[in-house]
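All chains are identified by letter, namely A, B and C, in their written order; residue positions are counted from 1 within each chain.
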């Protein structure tokens, strides 16, 4: 405990790099807002440099820029891709749209539902059947998909209020299987193979699978993805999403402040189901056919793998996961079944190492680094000592640092003054007169904070008082605590006991 | 006669909070030791550090001939069963540790060694002799017992397999004085000739004359070693 | 309902019970939903096929013409299936339990990892054995025997008998041995269990192996009437899962009762003309959803309430 502190240099500071602008300080700050929702394009945080007093503007959230770069890059490269790669890009956009909406269900509403592909498939079948058998024109297939999606969502939502968490997840795994079996039963719907072909589409018949058709398909799929992201944003970051976030953090409390989170959850579930139905209709149009494959367990697991790799609950996670899985699944098609094993291996590795998927890996790493750092710091800290260098970067009031350093040095001086003779001097005359050394020590004690101080409790009858020592809590309203069970016969003894306690505290600090 | 437990420079804490500050403690064989101090000054953390249940820890803990200290790389609690199997019995601060098991099953849980499991009926009878009120509660679930009965079950569980180091955390917490007296009397009956017992307690008068040595604990440091203040 | 239908129902219930109790037991003891149970099922089927192919000729040669032959064949296959199943359980333990069992969000992460194992295993089997269905060696032939005037196929009798023996053995082990007690203690308070010298990691291993062995046994027993194929595990997994749900996850008696109910329901649905085999799943799901809406904790919850 008393070995000299070796001059070890520890790395200091853990501030993240932030993009900073230095605007002209005299100009008023004009911020543009998005139409309708009134949000800003980018979150800038204004402030001053405390030393130079220059105006500063920091970018608090870089994610919108990443989104812009990623999506713009996709659009810019698409026209130069080969036909096969373009098809992969289309698949990516469609699956990413589905996953973004799914993330809304899992992340925002907090319902672990695996019936997503069932909803998409039902929307697709209904829209395709409406087009092929009832002659509904293709633009009207979207409302058909929407209606069927809403209906499916309503049916699925019924048990979700009663059954919670994993139970519901297990139950919904079976839903796709039920859909597959039931649709294959309806002979009138699909004569061969239970698939509906020759669905009308926004892509002209003779462009189908040709270059212009593919480009048109990509453009539409990209728009679909943008719409899905917009829906995610509108639901997740507006009133509904905030209500649900409150509910996720504390259900009882949010209910107490008047948030009907069950209603909000159902509403989000319904909205997402409707959107999935629309995507289903789009899916049937894009490929001009729909088959039972969409309900297969493998397809569901593949989609689930995308969500899981990216991280459940965040839109960027859904998109990143989709990109990884679609690339492995479609681009490495020569590998055969091996590529599914590869995907499964990626899922296992990601799940074992990260808490909430790849999108969260960075913040998880930061949290880990901070934890290790603070543990190390705690192991090095001596109680009441100086401010550690890495702490100093986090303390805004630099005067505190100087004060703590002063206090540490003062205590070191005073510790040297404490000798058995000094204690003996105090025992003889607790109230003085004191020698210079004792007076210095006593002055330091008097100046201390309330939480470091002790009080003397006087009990018993006049003439036979007993005294005991109590520790003050230092917090208003919190009573002092008894330190030990010793009783002292005279007030001077009690004074001396308090002195010993303070000396003890001083030596330990 | 060598020391049964030797703690050198033990620091421990949870995250950024450091609770124990370089503790040094030696416990001799056959010793009954009490660690007294207020709530929140590290008594429980000391016990939890010995059984590797704290967030992080550094320093050496020598139990008999085994080194059980050191920084831990695995998650908390992963080394605990191994340490228990070396002969450390701890009664945690909480009450019923398995609220859904019956008293009898609860006691059987403590019989982790092969021999203790074979002899569990006889050993249960010994526990019931020590704590007569438990006898008629044998088949009730622990969750429905009163605080004193639960503490008896908890202590009884620790006694089912002979240990060399007993760590008893707050035997009087939340109990009526008469009952805590009974619990302490029972602790007094435990044979520690080959091992040692450490009791953490706030109520000093309860242990008066029941233990061989008392050490104060304040703000994460042992106070008996400092010398300027003598306690008890 | 005639007698043969009851036998059919019992036969189904037996196999479902083996799967569902394994799932339920894992959930109640180590808090993991093992979605790789289907993979264990499929792998064990192939394991029995390969080991049977290698060992059975020797057994035949040794016991040529003996009365014991078919029993020996049965035991060899069952042991092979159960052994491979237990091995699978061990692998799942190493991959999905050991690294994350004391980390955040274990229930969901365990579910995801086991799902991925399931996916990978099915694809691996497809890759190795091809999609062709294969039949396990017939053991008892198609003979029948009469018990209490009820005609019973040999394989049905063996399935029901073997399942009953296995389940009783597992339940007795859970009830009487120290391991069973440890498992119950572990679930209630992991820290308290650690202080009682119970290592969660050590206690979980046998549970994983035993539930795996149960799935393996189920695979061999079912393969007497259904072929072995890479995707053979999907249906038993889904059925086992929903039965475990119906039984109230974690309750072993609940799962047993639920398996019986579902077996009877399946046999009955299949027998009713206008519903037929293809509607079986639909009817089962409808039934289970209905039960869960009324009783969110399933039959196990019902049992707990009456006990109180």
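Operating definition for what follows: a contact is a pair of C-beta atoms (placed from the backbone, for glycine too) under 8 Å apart; a residue touches a chain by one contact, two chains touch by 3 or more.
Since the structure is predicted, the reported quantities are computational estimates derived from the model, not experimental observations.
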Graph class of chain-chain contacts, one of line, ring, star, complete, other: complete
Field: Identity of the most central chain, Cα criterion
entry: A
- prompt: Comparing centres built from CA atoms, which chain ends up most distant from chain B?
  reply: C
Interchain centroid distance [CA atoms averaged], chain A/chain C, Å: 38
- line: chain B to chain C, mean C-alpha position gap in Å, rounds to 43
- prompt: Which residues belonging to chain C are in contact with no fewer than two other chains?
  reply: 103
Message: If a residue has to touch 2 or more other chains to count, which residues of chain B qualify?
response: none
- request: Name, in rising order, each residue of chain B that touches chain A in their complex.
  value: 11, 13, 15-18, 21-22, 36, 38, 55-56, 58, 204-205, 216, 218-221, 223, 226, 228-229, 231-232
Query: What residues on chain C touch chain B, complex-wise?
result: 102-103, 178, 181-182, 184-185, 188-199, 201-202
- request: Over in the complex, which chain A residues touch chain C? Could you list them?
  value: 112, 158-159, 162-164, 166-167, 169-171, 173-175, 177-178, 181-182, 184-185, 297-298, 301, 304-305, 308, 336-338, 340-341, 343-345, 347-348, 351-352, 355-356
- line: Contacts from chain C onto chain A in the complex sit at residues 33, 95-96, 99-100, 103-105, 107-109, 111-113, 115-120, 123-124, 126-127, 234, 238, 241-242, 245, 249, 278-279, 281-282, 285, 288-289, 292-293, 296
- prompt: Any idea which chain A residues touch chain B in the complex?
  reply: 1, 371, 374-375, 377-379, 381-383, 423, 471, 481, 483-486, 500-501, 503-505, 507-508
